[in-house]
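I am attaching a structure below and will ask some questions about it afterwards.
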Amino acid sequence: MESGNLAWILISAALVLFMIPGLAFFYGGMDRGRNVLNMLMMNFYCALIVPILWVLVGYSLSQVPFENDFLGNFDAFMLKNITEAGDGSTLATVAFLGMFAAITPALISGAVADRMKFSAWAIFVPFWLFLAYVPIFKWVYGGWLGQRGSIDFAGGTAIHVNAGIAALAAVLVLGKRKTGAAPPHSMPLVMIGTGILWFGWFGFNAGSALAANGQAAQAFMNTFLAAAAAGLAWVLVEWLRDGHPTNLGAASGIVAGLVAITPAAGYVSGASPIFIGLIAGVVCCYAVKLKNKAGYDDALDVVGVHFVGGLVGSLLIGFFADPDFFKGSFEKGLFFGGDAGLLLEQALANGVAIVWSFVVTLILMLVLKNTIGVRVSDETEFNGLDLAEHGETAYHS
Amino acid sequence: MESGNLAWILISAALVLFMIPGLAFFYGGMDRGRNVLNMLMMNFYCALIVPILWVLVGYSLSQVPFENDFLGNFDAFMLKNITEAGDGSTLATVAFLGMFAAITPALISGAVADRMKFSAWAIFVPFWLFLAYVPIFKWVYGGWLGQRGSIDFAGGTAIHVNAGIAALAAVLVLGKRKTGAAPPHSMPLVMIGTGILWFGWFGFNAGSALAANGQAAQAFMNTFLAAAAAGLAWVLVEWLRDGHPTNLGAASGIVAGLVAITPAAGYVSGASPIFIGLIAGVVCCYAVKLKNKAGYDDALDVVGVHFVGGLVGSLLIGFFADPDFFKGSFEKGLFFGGDAGLLLEQALANGVAIVWSFVVTLILMLVLKNTIGVRVSDETEFNGLDLAEHGETAYHS
Amino acid sequence: MESGNLAWILISAALVLFMIPGLAFFYGGMDRGRNVLNMLMMNFYCALIVPILWVLVGYSLSQVPFENDFLGNFDAFMLKNITEAGDGSTLATVAFLGMFAAITPALISGAVADRMKFSAWAIFVPFWLFLAYVPIFKWVYGGWLGQRGSIDFAGGTAIHVNAGIAALAAVLVLGKRKTGAAPPHSMPLVMIGTGILWFGWFGFNAGSALAANGQAAQAFMNTFLAAAAAGLAWVLVEWLRDGHPTNLGAASGIVAGLVAITPAAGYVSGASPIFIGLIAGVVCCYAVKLKNKAGYDDALDVVGVHFVGGLVGSLLIGFFADPDFFKGSFEKGLFFGGDAGLLLEQALANGVAIVWSFVVTLILMLVLKNTIGVRVSDETEFNGLDLAEHGETAYHS
Amino acid sequence: MKLITAIVKPFKVDDVKDALRSAGIAGVTASEVRGFGRQGGHTETYRGSEYAIDFVPKVKLEVLASDSDVQRIVDLITGAAQTGKIGDGKIWVTSVDSVVRIRTGETGEAAI
Amino acid sequence: MKLITAIVKPFKVDDVKDALRSAGIAGVTASEVRGFGRQGGHTETYRGSEYAIDFVPKVKLEVLASDSDVQRIVDLITGAAQTGKIGDGKIWVTSVDSVVRIRTGETGEAAI
Amino acid sequence: MKLITAIVKPFKVDDVKDALRSAGIAGVTASEVRGFGRQGGHTETYRGSEYAIDFVPKVKLEVLASDSDVQRIVDLITGAAQTGKIGDGKIWVTSVDSVVRIRTGETGEAAI
C-alpha cells in the first residue's frame, strides 16, 4: 500500500477515535449537570471495552472470510493471520473499523440518559455489539444485503439506523424519566462536542474510501457540504418557526447532515450533498418532536437524529447515486438515469436492519430488566446519577 | 496527484474546518457568559452558509480562470467541470479553500461582539464574502496584485489584513458597547480555543503548500516557531510591564504569531520565523491598547491581533523572503540580498486590500444600519444577547 | 522521502503539539478552580520556550552527530546545515522531536501544582531541558544506552520515566501543599484533556515510526488497544475496590496505558498491547496511592502514572519484544524466545535515567529554592495562584 | 410584616413555587445554599482517595408576607416540600420593620 | 442596629455599590439569587421544546447599619437601583440584636 | 430563638464547621457570597487592560439556635474564623419568631 494511503487510513482512524469524546461532550453538555459524568462514562466505556472485543473476535466475526453471507468465523481471533508489519494496510483497516465498532453503541447512550443503571449499560454494550452490530455490519458489507446491491458508504444503515432504532427499543423498555426533560447544562460543552464531531467525521466518511484518492476527496467535500446545508436548514426552520436561530439547532443540524451523508458520501457528487443535507436538516428538525406525540422518552434525540437522519440519507442514495462519476459498480439513482432498483434495495436493507436491531435490542433490554434491572432508583434519578453511580461530581469550586 | 499529497491536503482542510469552532471558543471564552452563545453562533453560522456559497459561485469567481486579473467567472458554478473522482486533487483544493473562505468572516465576529443583531450578521456574512473576500483573494492569488510580485503564502493580506480592517470599519458603524468591557467569562474555554487554533493552523499554513513537500515542512516548522516566539514575547512584555505573565497573554501572543507567519510561512527559513514571531508578539501586545486611545470599540481585539499581526507579517516578508532556500520564483527580501522591491509590492498589496476592504465594509454596514439596523436594543445588550437573540442560556445547573 | 511519509510525520507532529493543551486540560480540570490557570500556564509556557531552545541548540546537542555516545555538538545550531526545502524530511523530524521536547517538562507540572512559584518554573524548564532531557534522550537514542541494546520506541525511558522521577525529586524539595488535596474542579475539562491526549498520542507513538509503514500501523493498533485495556483495568479495580467505576479512573487508566505502551509501541504485536495495558492499568491504579504512605505530595500523580507507567512499559518490553514480526534488529523478549538480555538492558537504561534525572532535578530545585525560592507564600496558596501569579481568574459571570 | 425563610431540597423548589403561585403568593426569592445537618453528606472517591463532602445542596427560599399570611405560607411550604425523609429542611420566620418596592418607592404591605 | 436587605437587578449592582461607597458606607455583602415575582420569567427553546424559566437572576445585597443610617441607605439603594421597570426589586429592614467583627472581637456599632 | 449569621473567609469554612460540630451544634446553612468592605478587592489585567474587582469571595453561614446557645456559638465561630487580618468578616444575630422542621412539622426549639 502506498504510504499516502496508509497515512490517510491512520489519521482517519485517529479522527474517528476522537469522535467518541466528541460525542460524549455533545451529549454530556445537553444533559443535566448532575448526570453529565454518567453520560461521559457511558461513552468512554465504549472506547474501553469495544476495542478489546473487536480484535479478539469482533473483526473476525464481521469480516472473515469476506465472501460469506451471514457471519464471519474465528479465523482472525486476536488478529491471528494478520501479521504484516511490512505493509500495515490490514492492521490499519482493522483499527479503523474498530473505531466504528466503538462509537456505534455509544450513540445509543444519548437516548437512555438520566436513568439507566451503569451496570446494565456495562453489560448491554458487549452483548449489543455481537447481537446487533456485528451481524448487520456483516450483512451490509459483503454479506447478503450488500450482495443484493444495497450500498452504505460509511455506515448509514450499519451504524446510524442500527443504533438509532436500538435506541428506540431501549427507551421503550426503560420507560420515561421521572425528572422530565431539562435544558442543556452547558451549551459550550455541546459546541465543543459538535466541533470535534464534524472534524472527526471527515475521517469517518472520507477515510472510508480506505485510500487517499478521488473518492475520498469527493466524500470529504460531501461531508463538508451536507453538514453545512443541514445545519443551515435546521437553523432556518427554527428561525421561522420558533423565532430564534439557536446554537443547539445549528449543532443538531450539523450532526443530522453528517449522519445523512454518511451512507452516501462516496456515491454522490456535485450538488447532491447539499440537497441531502437540506432534506435531512428539515426532516430531523421535525423528527425530534415526534417523541412528544409518540410518547417515548428519547432523552437526547438519538432516534430523531441518528435513526431518521441515517434512514433519510440511505434512502436518498436511491435518488442521488452517481456511479458514472465514480466509475463505480453500484447502480444508478433515480435522478441519475437509474430505475427504482437501488431505492428498493436500500429500503430492503434498512428494513432488515431495523427489524433485526429493534428485536434483538428489545430482547436484550428485557432480559437485563428482568435480571439485574435497568433503571436506577428514583432517588438516584432525582439526586443525579453522577454521585450515585460513579461517586463523582462534575464541578467543584 | 500522489496519495501522500492528497492525504495532506485533505487532513489540512479538516484542520482548518476545526479552527472555526476553535476560534469560536477563543472568542466565546473571552466574552461575557450571557453573550457567549451569540459569539459561538456568529462563528458556526459562517461554517454553515459559506461552504454552500463557496461551491455555488465563490470558488468560481475567485479562481476561474486562474489567469485573469480582477475577478473570475461562473464557469465552475456548483463545481461544474470539476468531475474528477479519479484523482481528487482539484476537489480537495476547493474544499481546502472553502474552509479559508468560511473562517475569514468569522474572524470579524470578535470585534462586533456584545451588540450586533444576529439578523444583521446573517446578512453581512454572505455580502462581505462576495464584496471583500472574493475580489481581494483573486487579486492576491493570480490576479493583478500577485502578478506584480507581492506574495502571500496562506492569507496574511487576503485573510487577516482583510478581515482585520473590515472589523475596524464594522465597529465604527456599530458604535461602542453600552456595557463596556468585561473580563473573560471562562479562561479555560479561551485556552481550549487557543489549543485548537494552533493545532489547526498547521493545516492552514503547511497545507497551503498543497503538497507534502519541503515547502510544507518548512511552513510547518515556521508555524511552530513563530507562534512560540510571539507567545513568549507577549508574555514577557506583560511580565515586565504589568507584573504578571497571563494565560490570555500567552494565548493572544500565540495567535498573533500564527497570524504574522501566515503570509510568510512558505517563503522564510532558518531563524526568520523566530524574529517574525518576536516582533509580532511585541507589536500586537501594544497594538491591542490602541483602541483605548483611538476610541473604537473592537471588543476582542480583531484589529490589534489580526490586522496588525497580518500586516506586520506581510511586510516582514520584504525583509526575510528567502527564494534561494525554496528555489522559488519570488523576489529576495532585504536581509537576503534583495532590494526594496518586494517590500514595496507587499506594502502596495496591503494598501489596496486595506482601502478596498475598509470601504466596502463601511458601505455594507451603513446600508444594513439604515435598513434592518445593526444593533440590538439596549435592554438586550444589558440582559445578554444569548437569550434575546437565540432563546438560549449557556449554562444551567 | 515519499509524500505519504512526510504527510504522516507532519500530521503526527501537529498531533503531539495538540497534546500539550490536552495535558493542560487534563491537569487543569483536576486542579482547584483557583489554580487552574496557573496549571494551564505551566503547560503552555513549555510550548513557548522549548521550541525556540530546541531549534537553537537542543536538537543539535541531542542528535548531531547521530553516532556519538554522550552528547551532541553545536553543528546544527539554529538548524544550520538543515537546508533542504526540496525534501523536508529532516525539518519535519526536527519539528516532530521538538514537540516531544516541549511536552516532557510539561508532564512535571502536575506534581508541583498548587504551590510552585511561576518564576521558579519559568527557570526550571529550560535548565531541566538541558540537564535532564537532552542527555538522557541522547543516551537512549543513538547514545551509549541505545548502543548497548536497550530500546525505547517513542519515549518511555527518555520521556515518561525521566519526567516522572523528576517530578518526585521536585516535590521532595518543594514540600507538601498546605491546602491539601481537593477533588477536581471540572471533570468535563479533565475528560476534554483525556480525549485530546488519546487522539494526539496516535501521533506520538505511531508517528515515531517516522514513516507511514507497517511499524506505524502496528504502533497505532497498540496505542489503541493498550489505552483501552488499561482504562478498563483501572475502572474494574475501582469498581471492585471502591464500589464505583469513575470517569477519573477511566481517564487515568487511559493515560497510564498510553504511557506504558509508548516505549513498546513499535516492538510488540498481537495480544501483547492488551496485556501491557491491563498490567499498567492495575499497577498504576495502586501506585497512585503510594504517595499517601510514602509521604510525598505529588499533586496530580505524575509519579504514579508517568514514572510507574513508563517503567512498567519499558520493562515489559523485555518480555514482549517481537523482532520477528517487525523484521527488526532488536533482541527478543522472554516470551518470544529471547533470554533475559533485553530485560536487563531495559532495567539498566531505566536505572541510569532514574538516577541521573533524579539527581540533577534535585540539585536544580535546591539551587532554585536557595536563590529565588520555589514556593508561593502561604497566603497565595490559600487564596489561589491564578490571581497572585497571573493576575487572572478562571471564571467570571 | 414577616420574612419567611425556608431551606428545602433542590428538586422540591418547583413544587413549592407552584404551590405558592396557586395560592396567590406574589413573590419569592431563591438562592443556592449548602446545608449541613442530620442528613449526612457523602463521600466522593478520586483515584482511590476519599473526599468527605459534608454539605449537601439545598435551596433557600425567602418570602415577604403580611402577618396574616404567614401561617398559610408556612403550611403551604411545609406541605409542598415534605418528603418525610431526613434533610427536608427548615422554615423560620422573622419580623420585618419595613419594606420598600424599588420601582415605585411604595412602602409597607403595598410593597410586598 | 439594622440589617437592610435589597433584591436588585444584576446590572444595577455596581451603581448601588458606588452610591453606597460615595456616601461613606463601609461594607456590603452580595449574593446571586433568583427571583420570582410580577416580572415574568422567560421561555427558552431547545430543539423546538419550550422550557419555562420562572426565576430571573437578581442580586441580593445586605448592609448592616446603625439605626440612624437606615433611611439614608434605603434611599440611596432605591435611587441607584431604580429603572422604573417591573422587577426592580425590594428592600426590607430587620432588627439586629448584636454584631461582632471577627477580626477584633469588637461588638455593637463599632463592629459594623 | 435566634438566627446567627456569619460572613467568613472561604478557607475558614471547614474550621468553623468542625468547631461547631465538635461543640454539638446540629446544623448550618452555608452560601457563597461576595463581600465589599475594608479589605480591598483586587485588580485583574487582561491584554493590558485593568479590571477592578471590588467584591471578594466570602461564605455566609447561618445557624439557628436557642437563645441560650447564642453566645457560645458566636464565640466558637469567632475563634475558628479569626486570622487577625482585615476581611475576617462579621457575625450578627437576629431574633426568630418561629421555626418549623419540614419533615415532621415540629416547631420551636425542637425543630432546630
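Chains: A, B, C, D, E and F, in written order; residue numbering restarts at 1 for each.
In this text, a contact is a pair of C-beta atoms (placed from the backbone, for glycine too) under 8 Å apart; a residue touches a chain by one contact, two chains touch by 3 or more.
These numbers come from a predicted model, not from an experiment.
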What are the mutual neighbours of subunit C and subunit F in this structure?
B, D
Starting from the defined contact criterion, work out which chains touch subunit D and subunit F both, please.
C, E
At the interface of subunit D with subunit E, does the proportion of residue numbers present on both copies reach over half, so same, or stay under half, so different?
different
Given the two chain pairs B-E and C-D, which is bridged by the higher number of C-beta pairs in contact?
C-D
How big is the gap, in whole Å, between where the Cα atoms of subunit E centre and where those of subunit F centre?
18
Please tell me the distance, in whole Å, between the geometric centres of subunit B and subunit C computed from their C-alpha atoms.
33
Hey, how far is the Cα centre of subunit A from the one of subunit D, in Å?
45
Counting only residues that touch at least two other chains, what does the list for subunit C look like?
2-5, 7, 11, 15, 182-184, 186, 192, 196, 212, 242-244, 246, 248, 391-393, 397
Two or more other chains in contact with one residue: find those residues in subunit D.
31-32, 44-46, 94-95
Can you list every touching chain pair?
A-B, A-C, A-D, A-E, B-C, B-E, B-F, C-D, C-F, D-E, D-F, E-F
Per the touch rule, the subunit C residues reaching subunit A in their complex are 2-5, 7-8, 11, 15, 32-33, 182-188, 191-192, 194-196, 198-199, 202-203, 206, 211-218, 220-221, 224-225, 228-229, 231-232, 235, 242-248, 250-251, 253-254, 269-271, 274, 325-327
Complex interface listing, subunit B residues touching subunit E
179, 382-383, 387, 391-393
Given the complex, residues on subunit D that touch subunit C span 44-49, 51
In the complex with subunit D, residue positions of subunit E that touch it
2, 6-8, 31-38, 54-55, 58, 60, 74, 77-78, 81-95
Sites on subunit C touched by subunit B in the complex:
2-7, 10-11, 13-15, 17-18, 20-22, 24-25, 28, 36-37, 40-41, 44-45, 47-52, 55, 78-79, 83-89, 91-92, 94-95, 98-99, 118, 122, 186, 189, 192, 196, 212, 389-397
